[in-house]
Every structure is written in C-alpha cells, then in structure tokens.
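One chain, subunit A, links the two complexes that follow: it is found with subunit B in the first and with subunit C in the second.
On to the complex of A and B.
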C-alpha cells in the first residue's frame, strides 16, 4: 500500500512538474518583451543599457531551466507574483476569491448528490415510478441545456419575478442558493445516469442474484452487497467531475456576478493581467493533481482484488 | 429510401436557410427599428441594435456547428493515429502514450481555454486550440482500447500469419471495425463542444462581436428578458435543439452499426 501511494505520488508529482513547466513557458508566449513591458508599467525612460541591466537583474539571461527552477521555488514559498493592475500579491487576491468559489462548488456538489443518489437509486430499482421519470427528465436537462440557461431561467423565476433570492452578488447564504441549484442540476444529470447504469450492472451480477435467493433482506442487500460494488465507478467519476466543476463555476460566476475565482479570471483576461492567470493555472494544476491522487488511492482501497499479483485473473 | 428522403430534406433546409440569410444582412444595424416584433421583413424581429434576429441565428448556427465539427475532426484524427500506433502498430509507445493521456485528460478544458484567451487574446482561435489540446486525449484512449480488443481477433491474427505488415493490417483489418464506435462518440461530442463554445461566447471569451453566436446572443438579450424574451428564447431554442439532434444522431448511429 505504501509503495502504491509512493509510486502514484511520484507519477502525479511528475505530471505536476510538466504542467507547471508549460504554464511557466506560456507566459513566454505573450507577445512582446516582458522587460519592456515592466518598464512601460513603471513609466520610466527606456534606454538600451537600462534594458540590459534589468534583463540581467531579473534573470532573463539565465538558461530556461534555471529560470524555471527559480520560478518554481518561489511558487513553493507561495509567492505567485503581483497583479499587474492592482499591485496586490496574487495569493492575496486568490484567498478571498477561492473561498467564494469553493462555497459555490460545495453547494453545487451538495445539490447534485442530494438529487442524484436517491433519484439514481430509485430509477434503477423502480424503473416505472414517477421518480424514475423525473430522473430521466433531469438527466436530459443536465446534458442538453447549457448551465447558463438553467441559471438564467432560475434567476428570472425566483429572483426577478418572485424575489425570493437576490439576483446577483455574494452576501449571505441566500445569494448562494440559485447558483448552487443551477450547478447542482447541471452536474447532477450526469451523476443520475451513472448511478443508475452502475446499479443495474451490479444488480445483474451472479453474487447479488445468489444473495437474493438466499433470502437476504432488500435493505441489507442494497447497503452490503450492491452499494459497495457500485462505489468505485462513482468515485472515479467524482474525481473527473471536480475538474469540470472548476470549469463550470466560471460561467455561473459571470452570470450571477459572483465574486469567485472564475469571475476574477475572466476580468483578468480582459485586463491582460498575466501573473494572476499564471497563478490560476498553477493553482488549478495543484488542485486537480491532488484530487486525482486521492481518487487513485481510494480506488485502490476499494478494489484490492484488481491489484493483487498472486491471483490469476 | 428513408435515407434519401433524409438527405433531400436536409439539403432543402440548407437551401432555404441560405436564401433567408442572403436576403437580410445579419450585421446591418438600424437603431430606429430596435427591439421590433416579428414582421414580414424581419421574421423573428430585431435585437437591441435593430439587427435581424433570424439571419443572425442562422449565421451563428453555421459558425458554432462549423467550429465544433472542425474541433471534433482534428481531435478524432489525432486520437485515431495515436491510439492505433500505441495499441497495435508500435506497442513500445504504449506506456508513454497512456501515461500522457492519463495526465492530460484530468485537466479542465475551460481553465486552459481561459488562460489561452488571456495569453493569445480572446478569440475563436484560442478557444479551438484550448478545446483541441484537451479533447484529443479521450479519442486516443477510446481508440487505444478498441484497437487492443480488435487486434486479438482471429482475422487480424490470420492477416499477420499471412505476412501482412502491421500498418497495412491496421488500415485494412483493424480500423474499419473500430470506426463505427468512433463515429458514435464523435456525433455525441459534437453537441458537447457546441455547449462549450456557446458557454464561452456567453461570458465573452469565445466568438467575438460583431460575429453572432448563440451563447453571445443570449448574453446580449438577457438584459431585455422582461420586455423582449424572444431575444433569449430563440438562441436558447437553437442550442437545445442542436444538442438533442446530436444525441439523436448518436443513438441512430449506434443502432445502425449495432455497436
């Protein structure tokens, strides 16, 4: 087990290095000389000797990999540079915005789970019931209606017409309701279909049929026999969907004018605030890589039989 | 017979649409005639700048569906080539190709699209590049698995015993069996990529004005939701219809090829 964790950490660590190297290179792609750019920001008189001196000072004459290592060691110390527009440290900006985004993502995930687990389970066991039809409808909406349309609809009905919730912004829990609901419906549709098809697969397995024949009560059958076997695909889906969640929140944050990281990024794109964008890329890489590492380890714990070498499969 | 009728009706729709778009200029603004209700000249009315909604909808459809098709074709081609090479033609590359796909597939394409939009400027090109950079992984993985399954079958072994070279076997005996599966996934992805493009145009980082895009049209029209809901309804209708269409197409293909 420890060897497995060590190997996976090494693999994902390598992936992290490669990803950050690309995000480091990406800023080199920006048209124009960064040194000239910096001088222009400070509105200094530019002469050639000055440019060369600054280039030397900032380490632009070093080989690329030396620059990368220096840059990486700054990042490990949580120094992502300063915003070109406000001059604030990027980490400072991120602190507030990521808190807001995590609240929204957690809310959306909660809604998705609350919707999908019961609906997916019921529609697997009782395919003809009303709940099953509701589940089908919801999964069609989730997969074919863009999230911003769901959000626009909810906003129009519950915020503009009924005025139950604020239209936009972030103050108090009630401003979180509509965005979370939108995100939850958009993501939940995928979960419903996955849970249903996984449960149907497991229910058809021999050992479940045998357990039924042995007269095991249906409640125990579900919790002990079916749920455990259905868990691995759901968990690996979860790992993937966290990544798409981080993307999905961006659109909703713009729609609801919610001051999260996605909104900050869209603003930074329009203001061409490169250090903030680079920090975002690095931070997302960290997040995605660590979530996948955790997912890998959890799957290993849940399916030990797939990793045993002494038994022939 | 049924297929021919399908093709003919498709062509007819295309011709009618082309005639309609060439009749009214989708870019011509007319401030005196803004937010007009449907009339003979503007069949679906006009938007907040007095532009014809119908012709903008049709042009937007061409742009979105066209871009989505281009992205799918590029990424599927890359996936087919890499998947076939790593799964059959040159197995020594298998380890490295699967590791790279496994690592890249986890990265959120929207995040990459935002950062690329920041570096290269918000445009269609950076959006296409960003989606393609992530999307190729799912095709590579799919083709890889399918090719692995196919290559253990009898007719492939027979071809090898007969001394055919591996690239030739891949082209003649492996890929034809794999293609139906890829087509099904491609038709499904068409809708997914359209969703992504319209979402990005909605937040202003995708297709740039004055070019119309369904998501962008919704973003412009949402300020008039209370007074003029048609400005949001029609592009929304188009998006949902197209995506349902792509899902239907994939179900039809699944049934047709019996995969």
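On to the complex of A and C.
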C-alpha cells in the first residue's frame, strides 16, 4: 500500500510539474503583459522608461524558467499569489467566483436532469407520444440554438413581460432561476438524446428481451436491468458536463451579470493577469481530476464486473 | 400526473410572492452600469466604480460645463514655487464612519494611492506630501503644472485608510452614498450618507449593478427593474423613446483616430498622409456605423475645450495633385510609386466593435483613388503597435483630455518618450513645443500652447482624427437630477432622485 501511495504521488507530482510548466510557458508565449494596463497608459502620462522599469520590477524580463521557479516556490507553500490588477489574493477571487459558478452549474444541471430524465425515458418507451415530440423539440433547441439566445428569450418572457424574475444580478435564489433554466435547456438537450438512445440500445439487448419473455414485471425490468445498464454512459457524460461547467460559462455569466469564474478568466486573459490565470489552471486541473475520480468510482460501483481482475475480455 | 399541475401552480405562486419588491417605501434607484469590477478599492479599481457610485470623492473635480477643474474636497490651492503646491482641505467633511476629514487622513489616503497604483505614482510625480494644520504641502519631482488636473483622477479618491472594513469590499469615503454590501462582479448596495457635507442626498438607497451585455441592460430597463441604464443597446434607442423612456447623450473626451506609422515609406510623405485624411468620410462613420452617436472630429480635442483650435477648411485642395507632385502616379486607377502599387497595412481590433467597421470603410474609400489596404486584426493594440513596426495605419481610440488638460495626450502621443507614441514621431520642433508646455503653469498660456501644438499636428497630419463617440443613457421619466457627464466620472450624485 505504501509503495502504491508513493508511486501515485510521484506520478501526480511529475504530471503537475509538466502541466504547470507548459501552461506557464504557453501563457508567457502569448504576446503582452499587464504592465501597460497597470500603468493606465491610455489615460495617464507615462514615459517609455517607466514601462521598462516596471516590467523589470515585476520580473517579466527574467528568463521563463526563473519566473516559473519563483511561482512554483510560492505554490508549494500553497500561495497562489495576488492578482496583479486588483491586488486581491487569488484565493479570495476564486472564493467569490467559484461559488457563483458552482451555483450556476448546480442550477443548470438540476434543470437538465429534471428535463432530460423523464423526457428521455418517455421518448424511448413511448416514441409516438406528445412527450416524445416535446423531447425531440427541446433537444433540437437545446443543442442548436446558442445559449445566449435562449437566455434573451427567457429574459424577455419571464422578466420583461411577466416580470416574475429579475433580469440580472446575483441576489438570492430568484436571480438564479433564469440562468439555470437557460443552461439547463442547453445542456438538457444533449442528455435527452443520450438517455433516449442508450435506453433504446439497452432495451434491444438479448438479456432484456429474455427477461421480458420470462415475465419479469416492467417496473422491476426498468429499475433493475435497463436503468442500471443505461446509467454508465450518462454518468460519464455527466462527469464531463460538471467539469466543463465548473470551468465557467462566460456568455451566461455576462448576460445575467452572474459573475462566475469564466468571466474572471476572460478578463484575466485580456489583462494578462498571470497569477490569476496560473491559479485557475492549477485549481481547474485538480477539480477535473477529482470529478473524474468520483465518476470512475461511481462507474465501478455500477459495473463491478468490468473491473474485476479475473474478467475475461 | 395528478400532482404535476398543482405543483407547478404552487411553485409559480411562490415565485410571484418572493419576487415582490419589499422596498416600497424607500426612495430607491437601480442603476445599471456597463463595466464590472471585482474590487472596490478606489486606488486600484480600473472601472472607477467607487467614484461613479458616489461613494468617494477626490480633491478636485472636473466641471462638466466649463471643462475646468474646481476644488471638491479641497477648499482651494496655490502654487508656492515651481515644484511645490499647497492644497487647503475643507473642514466640514466627515467620512461615512463619522471620522472627520483632516489633512492627516488625506495624506494617508494619497500615500496609499501612490503606493498601490504604479500608474498614479508615475503620473503624479510626487516627491513628498506634508500634512499641515489645514493644508497639504505637495512637492513634485519635476515642475508639473498638471498636478491639480491629475488629482481629479478617480484613483486618487480620498478614503479613510484606517477604517476596519476591507477597502476592496467596503471603502469608507466621503461621498453622498455609502456601501452596505458588495457582490464582486455583480452589484453594490448603497445607502444615504446622512452627514454628507454638500447637502442631503435625495435617495435612501441605490443599487448599482454591473452588466456588460447591452441587450440585458436594455431589458432591465424595459422590465422596470432598472431606473437608469448606462449605454443601452443602440438599436433599441428608438423603441425605448417610443415606450416613454428618456434617452440622454453626451460627447465624450474620447477620439477614434487613425494612427499613422511615420517610420513606413508611404507614411513619411506628408502629401500621402493628407490624401488618406481627406479620404475619410466622417459623416458616414457617424451615421452609418455609430447610428448618429458621435460627432465628426477635426482634431484630438472636443471643440468645446478652450484649447481646441479652429481648423482651416480643406475644401478646394486637390490632395491627389499634391501626392503626384511627391512622386506618385495613377496608372489605370491604381496609385503607384516607383512602379509599385501603393499597398498599406491597416491594424484594427475587436474590443471596440466600431473600429473594424471604420477600417472597412477606409479600405473601401481608399480603393477609389487606387490605394489597396489590407486589414489586419490584432488582439492587444498597445502591445502590438509598440512592438511591431510592420504596419502603416491603425485605428485606435484614445482619451485626449480626460481631466481638462491636453498635456497628457500630447505627451503620450507625440513626445518621443510618450507611451502611446505609436506613430514614432520624432519631430524636434514638436518635442520642443511639448517640453515648453510641460514647464508652463499659467492656465491661459497652457491653453494657448496646447492649441498651437494641436494646430502643428494638424498641419503635419500626424494621425488623422475620425470621430468623438458619444455616450448614451436611458432612464425612466420619473428620474430627476441625472446628468450625462462628458468625463463619465460622476454618475450617482446627491441630486439624483426618483419621484
């Protein structure tokens, strides 16, 4: 066990070094730095010598590997540094913005599940029903219409015309409704199709047909055989969605003034706020790896036979 | 299925009751601004929200009507010698936490601004600040006549730096409204500062929301959620006016310009620069691209500034003829020099969406005289223009006299040491004129010299000035006391009210 932990830690450490070095290098290869922004050259009187002086003071003239080692020495002490633009600790910025992103992702996925599970299931079992047609329509809208258009439409109906919800802001749960609905429709469209096609595949499998012939009740058939077999691809996809949404949904964040990590990153890229960008890469990598781990554990629990050592392939 | 309909009804009813506004009795105003901020630190925030939201104030203020600088938290000022200024501080002012504003507090605040903000430190050129009984003695490193103008800058806002609250969340200023809560990137809740020194603010509470999407801002107004929205969607302005909203507009201190790289062969020709300048259809830019929300520019400064020259009319000049005298010729409609067609590289960028459209218009107009223009999109204009010299022309947008003095723009753009001298201008006469301006303190003399330099730039056609874009604001008709300022510095004021 000790050897296993040591080997995994070494693998992780090496992967972390390689990933962070190359991301650091890539960020530094992009032309520009935050010096002109910090000096506000577009509205304050600054001469060229001052630009060079600040560039040197902030270490941007050092070789990349020196900059990387300096950054790494802070990271190992769990210090992500301060934003060059606002002067705030990166962790404080993340605390605010990841909370908003988490709310958006949770709200959006909840709506997606509420829409996709019943609609996907009904459209698989009752392909000619009204619900099936509704499911098809919703999945087409969700996967083909840009999310900002869905958002503007919902805004017009529920905020401008009916005045049920606020147009924008992050002031309590009611301001989360429209962004969640928008995101839920966009994400849910994909899940409706996925659930439907997976269920149809499973229902056509031999063991399900035989179970039917044996007279197993349809409720038991659905919960014990079909759902269990249909869940793995949906859970894999769900893991990918969670990881992707936790990276931020810039368009909706801007549209609804719901300030998540996506908007923070776009601003940081434009202003070349390296500590924030670098911290984001580290944080997001850890998050994605953790989500993948949880997804894998769930898949193992659902399909233990696939992971047994003696399984013949 | 039998539970679905009652469940939906219950949820809808819950939403409806929950969404009722509880601020019925308050005089409350909801303002939606087009930039967001993660920090309310007045010394670092580049969206200048604390000043705009009426939370902080500066020592001096730009008067929007006279375009001159008036004392604000300062009572008055005097220049002791070339590098020393004495600024008298008002005695009747208190911070939001009740502490009095004294010279020590002002010094602490300015010291922090200089420490936190490298741009301010570089621009103010302050050697030392000494707090005396009723005044501050400010020593500059060099003679710096623009010091008072630069103390208008929002990042020099005066705050109580000893206050308990985190400055980036709840800055304690002297303005008519104080922060009660701040959601980074989303909104600020404000309430009246009862002990405000310049009279009782009219509103009880204000919500200052950030939203960078013009469509959402417009919807917020139409839904009744917002009372004032800054820069609504331009395409919706007619509809808003038809719906009974008031739309106000003002010119800004910004100019969209065509920067000319004087290090390039064709751009070294004065006749060629004049030809390109004459090709620009400014009226079409105003009407066709900016929907009328701009005014044609003749120079860098708004004509209402006292130092804006009266430019001579170019009518009657045959600029094409001048170009031909300079060794160019038109062959089959193509402008040639030394047997080679004239081909220019024009840079533009998308963060100001009107600039690429202007670039296309210039490209199309240049074709009429046989000049081929290649448009190149860039990401960060300042970085690119400074580092790469492979371009001839660039669309760029600049503030020219943001604090009522032209010295900043002239130094930044036309001085060899200027950070925005992308043209690569090194004109000894021009540099000498700017250096002389930098030593001149007398206001009238500064204005005269600024005008002279602007005229010189026009004669040499160093850059071409396109339009001054306007800013527009839409508001409900029950909002009173709103002024759309050219500086865009002051938005929530003590006079703002909803009836």
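Criterion: the second predicted complex is superposed on the first by the 234 of 313 C-alpha atoms of A that agree within 3 Å, B and C clash if a C-alpha of one lies under 4 Å from a C-alpha of the other, contacts with A are read in each partner's own complex, and residues count from 1 in each chain.
The working rule: a residue touches a chain if its C-beta (ideal position, glycine included) is under 8 Å from a C-beta of that chain, and two chains touch if they have at least 3 such contacts.
This is a predicted model, so every value here is computed, not measured.
Looking at the shared chain after the overlay, A:254 reaches both subunit B and subunit C. Once chain A of one complex is fitted onto chain A of the other, the partner contacts of A:177 are limited to subunit C, with no touch recorded for subunit B.
Contacts of A:49 after superposition on the shared chain: subunit C is touched, whereas subunit B is not.
When both complexes are overlaid on chain A, the residue A:292 reaches subunit B alone and has no touch with subunit C. Looking at the shared chain after the overlay, A:99 reaches neither subunit B nor subunit C. In the superposition on chain A, A:87 contacts subunit C only, with no contact to subunit B. In the superposition on chain A, A:110 makes contact with neither subunit B nor subunit C.
In the superposition on chain A, contact of A:166 is made with subunit C only, not with subunit B.
When the two structures are aligned on the shared chain, A:156 is found in touch with subunit B and with subunit C.
Within subunit A, the residues touched by subunit B in the first complex and by subunit C in the second are 152, 156, 160, 254-255, 270. Contact residues of subunit A toward subunit C in the complex are 31-33, 36-51, 54, 83, 85-88, 93, 96-97, 100, 152, 155-156, 159-160, 163-171, 174, 177, 254-259, 263-264, 270. Within the complex, the subunit B residues that touch subunit A are 99, 103, 106-112, 114-115, 117-120, 122, 191, 195, 198-199, 202-205, 215, 218, 222, 225-226, 232, 236, 239-240, 243-244, 247.
The touching residues of subunit A, counted against subunit B in their complex, run 11, 15, 18-19, 23, 26-27, 29-30, 143-149, 152, 156, 160, 239-240, 243-244, 246-248, 250-251, 254-255, 262, 265-266, 268-270, 272-274, 277-278, 280-281, 284-285, 288-289, 292. Against subunit A, in their complex, subunit C makes its touches with residues 12, 15-16, 18-19, 32, 36, 38-39, 41, 44-46, 116, 118-120, 122-123, 146, 150, 153, 155, 168, 183-187, 209-213, 215-216, 219-220, 222-226, 351, 379-380, 382-384, 387, 398-399, 402, 407-408, 411-412, 415, 417-420.
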